[in-house]
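One chain, chain A, links the two complexes that follow: it is found with chain B in the first and with chain C in the second.
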Partner chain A sequence: MDTVNKPISDKVSKLGYALTGIGLLIIVASFLTNKQRGAFDYLWIYMFLTSVGIGGLALTALEYLVGATWSVPFRRVCEFLAGIIPLLIILVVPLIFTMGDLFHWLHPEPGDEILAAKKPYLNMNFFLIRVAFCIVVWFIFYFFFTRNSKKQDTTKEPGLTRTNIKLSVVFAPLFFISMTMAAIDWMMSLEPHWYSTIYGVYYFAGTIVCTLAIVTFISIHLKENGYLNPRVSNDHFYSLGTLLFGFNIFWAYIAFSQFVLVWYADIPEETVWYMQRWHHGWQYVSLGLLFFHFVIPFLILLPRSIKVNLKVLKVMSVWMVLAHMLDLYWLIMPTYSSSPVFGWQELGMLLFAPGLIIVVFTMKANKENITPVGDPKLEAGLNFTL
Partner chain B sequence: MAFDSTYTRELPLVDSRSSFAEIDDTVLAPTERKPSKKWFVAFLMANTALLIGAICVGYTLYYGIGMWGNNNPVGWGFDIINFVFWIGIGHAGTLISAILFLFRQKWRTAIARFAEAMTIFAVMTAGIFPILHTGRPWLAGYLLPYPNQNALWVNFTSPLLWDVFAVSTYLTISFVFWGIGLIPDIALMRARAVSGIKKSIYAILSLGWKGSNRDWQNYERVYLILAGLSTPLVLSVHTIVSFDFAVSVIPGWHTTIFPPYFVAGAIFSGFGMVSTCLIILRKVYDMENIITLNHIEKMNKILLATGTMVGYAYGMEFFIAWYSGNPFESFVFINRAFGPYAWAYWIMIACNVGFPQLFWFKKIRRNIGITFVLVLLVNVGMWFERFVIIVTSLHRDFLPASWGMYIPTMYDLGILLGSFGLFFTLLLLFVKVMPSVSLAEIKAVVPGAQPTHHHHSEEH
Partner chain C sequence: MLKKILKLDEDLAKDGPRSSKVHSVAALFDTPDEIIHAAAETSNAGYDKYDVYTPYPVHGMDAAMRMKETVIGKFAFLAGFTGVSLAVAMIGYMSGFDYKNIIGGKPFFNLPASIPIMFELTVLISGLFCVFGMLLLWNKLPQISNPLHDTNFMKYTSSTRFGVAIEASDAQFDVDKVKSFLAGVGGKDIEVVYYPEENIVPQTPIFNRQFIYTLILVAIVTALGTYGAIGKLVNILPFDWMHNQFKVNPQNTSTLFKDGRSMQRPVDGTVARGYMPYEYTGMPDSLVKLLSNPVPMDEKSITRGKKQYNTYCSPCHGYFGAGDSRLNGQFPNPPTLHSKKVREWADGNIYNVMTNGQNTMPSYAKQISRDDRWAIVNYIRVLQRAENAKDTDLP
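What follows is the complex of A and B.
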């Protein structure tokens, strides 16, 4: 087996630390200058990192669940991304201390009957229990998935694949429940009067698009620098590109479903959420999201030739990650400000989040095999052709 | 993909090393010999049901839809329930042939043809209902927008019109997809046909297929393009059906999760029906080594997944109905679960979310008897889902003064029975005259058929 096992270059990890460091400074400065803006920015970052972490875990589980072989050569990329999950335990702390700045339902106006009726769900204690539940579930599955996968590198025991398949089966429903909870709690409840049953699915779609994009980017980068088995070919990347393309259409489908139903029924309780995003400059962000997240990537990624053109695919991966950032910005920030804001404070997202992903990834990659060498399906995965 | 216990060797998709000739003989046998007595009995039963349905439709056409149980406030009854039910069934075929094709799921080859045929018949059956529902079916031509002397135009903002476009497009593309897939097989039947009439019919239908390299190349290309076209169509049809409800402001109908929820439900019900029919088919026509236990197990996994997705949607609806703080929303859902139609609601929950959970167990997934019972329940549950959505959301209107109950008449029941009659009549005719399994495709997945290097195929 010709597996490459060289450490990721120092430059990359240095870049990661630098970005994380500067990002952290900006976040702190942002909190100090305007606590509320800092809190919203930080929530934005937190949700993005959650997307990547649980997205990585979901893709890992998905491979086991459906018995895919082609993705085995870069399953570790997903596993390493899921390495963000343990950090969520620390990352969530600042949010808990700024909940008062984020959530209107913590201090409703007296006489607000609707919020009073929601008290059994939207209250501090239950909220914290749910937050803890989600992170614990993700962490447990992250721990077992990666432990078994890592153990297999040396033991080559097929039974470990079986165990992970079983885990993935249990994880699937728990993942959907916890992810929906996270989406509703952290983002939908920012507008506590507003509701949408599709919200969890919407967040799921964005999460998967973003994680697939990161996996594609990293895999291409690893391939270009000779970290992956040379047998990982364009057919593999074509498959990643197709999934990215497909899930992006799924995202658009879900976004459209939500929009068209709210628009058509025209019930004030529901339209308020879109009205907020259609005034005082937000309409440009909304339209931008439509074109930046869906229309343009759809047209670019449509031809088959693009999905095997690694240079373009790499650019499109970065594009899609930025699109997911924009998506989350669009979901979260209108609650903070009636018109879109983008200043030095928001740079925290652009620096801290990618920086942290790089740091986590390089740390993991330098400690563990980038290719799951003991996976019995690896050979079939490397032999994969269209 | 299914693997052996070491996860290094893929399990063969077709049992035993059947030769191509044996596969041809098995699959084409029903089309080449006289139908058995069983077939005639089944055909007779289907025809009787169809006749009963036709009589009820005749009464409806003569006297009007007052023959039905539809009333005020329940303006939509069995007509729309059956429409959505059959359209849902019509989803598995194209999902299996197009989406699973794009996902490179080769196990689809054994079941795709039959599922596609089923799709077409289900959509045809479904099409009857909205046309009857209009009350004046002879005016149905006006549903198509065309410039006319009266300057009468359809309402382009109505999802009911979108249905017309979506369903007819879907039917057309599914039919073309199915037809294209049949060409190589019909050519084979042409070659095997003994009687002259049969030969010339198949010769016409096979469109001059020679099996040349060029033929295959064009065929594969068209197949891929049609798969690409069908995929968004599958999703769009039930999405638009869900819009029929969800664009309204009726509590219980207007909720944003409806599109993906309906699509998941459609796939669920479609697979339920495919499984129901295939379990019988493989037994009756000795196709157990082509449509294997592994296929049944995989379909059961899809049933489990989609059933649970539907469960997620039920849960979200219920939760958000409460969370919204809208008393009308929560009333509808409480009324569903504990009102006069609670029995229908709990049948729906049990059949769609409850019983399919048994598929978590491998033993049950691979047990034909239990699977058959469970997929029958899926069919029942999905019919009741549409009953619950339509009837329980309407029967207790905003004002208690306008509350009512919906009781179907014998004409409603007769037409429902007739729809099954039509569906199974068409299906029985199909298995008689066409190969129920795509021979060209199944041969490509028989062990040893892949044109790869020797060591390559060993490793896979």
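What follows is the complex of A and C.
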């Protein structure tokens, strides 16, 4: 089997380091000038990187869980993206120290009965336990999935695939619980009086769209530069594009479900969250999100011919990543400011997060095979035709 | 009976006599790889009026046959667009114009509530369009069967083998050449398929007289059957004890009264129980202020008046009569009840405003009973006294 094993070009990794470095400087400067704004921006970055990390892990597990063959040539891309998970252990530290600036529930006004009733869940100790639980769960499964997958490159042992299938069965429920927990803890509890039971699913939908977009972008880039097996064809990319398209509709479905129930019931304690996003300029962000995340990509990605046009698909995947960034901005930032803010502080996100993804990816790609050469399903995956 | 049905089935399955007009040349293949190869060779050889028949979808067939992108996508998109437009037009007309109904204080026509319907109709209309489009354009509906049916070829391609059939309508069709071509790419059991005799003159069976008569018969039987079942059968009472009584039912004709109505108007001057008519509608203030308050000013009436005032009056007048409306400007704010004018009004005057309304304030005679209105007058007096307390009121 002809596998390509050349290192990723230096330019890419240099770009990655430059972006990460500049982003880091901006983040530090932002923390020093305005601690609260810095904390919110950093939370935005952290949630985006969590999206990419656990999204990559989820797609890896999903392939084992459903026994997909066509995605095997791309599985390493997902695994490399999941390589962000170990970094989350370090990345979460600044958030722990700025929690006081982020969360209203840490210092409620006296006599606030709602927050008093939520105290058993929303308190510092239990919060830290949950944060640790989530990261530990993700890390353990990341460790075992990638270890087995890597070992298979040399041993070609089909039993390792079977082990990973068993792991993925255990991981699936744990993933949804931990991800919902993370979404509720870090983002929904920013406005602790408000709640939505669909919030975790909403974050999941955005996560999967974003991760699929990144996987599509990287895979097309690798294909264009000859890193992937030449038998990876348009049919593979068509499938990636279809998944991206499908999950984007899923995102819109969930977003609308959340909105329409609140809108119909029209109860002040529920509408407050949307009202905050419908005044002082936030309404343009909300409408922009609707068109930028759903309507325009839906119409562009609808025809089959677009999904096999790799250039357009590449542009659209960058588009969807930006859309997910906007989505998280829309979820997090209204708590910080009553009208949308975008300055040099927010640029930190746009530089640091992609930079870190590039750094992690190139480091992993230079150390390991980009194609899982020992996977028994690889041959079938490469032969995949529609 | 069963034997008869089986016999009928057998007769139907029998291949009718075939004419001498060639429809196509068909060849069978044993494996999916062979059929992919054969399809690719056929399209390479320049045939374009041919089709491949397989018992299950074979992956990679589109590419092998060099199929162009189908129009189904565009067709479905147009149909879906029609569905969205229909939904907007339907909901817009129904809730925006034809049957305006206030639901939860929302605008009559609003987008969020219409989106589920837009979604449903998009799916429904595009689905229906595709099915009918398939029947009409791809299956060529008036033609009810394909000449390939009931051939050996079709029996195999719907169970265990794969087949290619090159049709006579192809520009470079020649029976012998096609036969040798198919044999060259590995085809087995090559057969020439002829049009069935009944199909050679392209009859359009939907205009067949028998068929139309049958349709009409089915329509009549269905209509009568439905009418009988829903209109008559379910209305037959198993027991009609006490169901039909010799009494006058509302909205029925009566033989007793001269005007033939079962429901008679009350005699002029009739007063309903518990209802005291108010005779001062439109009278000048000088008259209504002579009305005396029949409800004594005691704790019971004030408590009652407070409850009614808070329910009916306070949204606009405020809990203490200051005119501080809670309606956020949706309705004009009333003036305060503590003005000198209202304080000096007689009880009858206040009662008159509540009963008949004044300016933008509507009449509350239907919502609040007579005694309660007087009780509210008492409560308003209490509020006024509280607002303009004198030193002598202090204990």
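Keep this in mind: the second predicted complex is superposed on the first by the 386 of 386 C-alpha atoms of A that agree within 3 Å, B and C clash if a C-alpha of one lies under 4 Å from a C-alpha of the other, contacts with A are read in each partner's own complex, and residues count from 1 in each chain.
Throughout what follows, contacts are C-beta pairs under 8 Å (C-beta built on N, C-alpha and C of every residue); 3 or more make two chains touch, one makes a residue touch a chain.
None of these values were measured; they are calculated from a predicted model.
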item	value
Contacts of A:Y264 with chain B and chain C, given as first, second, both or neither	both
Partner chain(s) touched by A:A117 [first = chain B, second = chain C, both, neither]	first
Partner chain(s) touched by A:P303 [first = chain B, second = chain C, both, neither]	second
First (chain B), second (chain C), both or neither touched by A:M47	neither
Partner touching more residues of chain A, whether chain B or chain C	B
Shared chain A surface residues [contacts with chain B and with chain C]	260, 264, 266
Chain C to chain A touching residues, read off their complex	59-60, 62-63, 69, 73, 77, 104-106, 112-113, 115-116
Residue numbers on chain B that touch chain A, as the complex places them	1-3, 5-8, 10, 102, 232, 235, 239, 243, 246-249, 254-260, 305, 308, 312-313, 316-317, 320, 323-326, 360, 456, 459-460
Complex contact set, residues of chain A against chain B	67-69, 113-115, 117-118, 121, 158, 161-162, 169, 172-173, 176-177, 180, 193, 195-201, 242, 249, 253-254, 257-258, 260-262, 264-267, 269, 375-377, 379-380, 383
Residue ranges of chain A touching chain C (in the complex, touch as defined)	256, 259-260, 263-264, 266, 302-305, 384-386
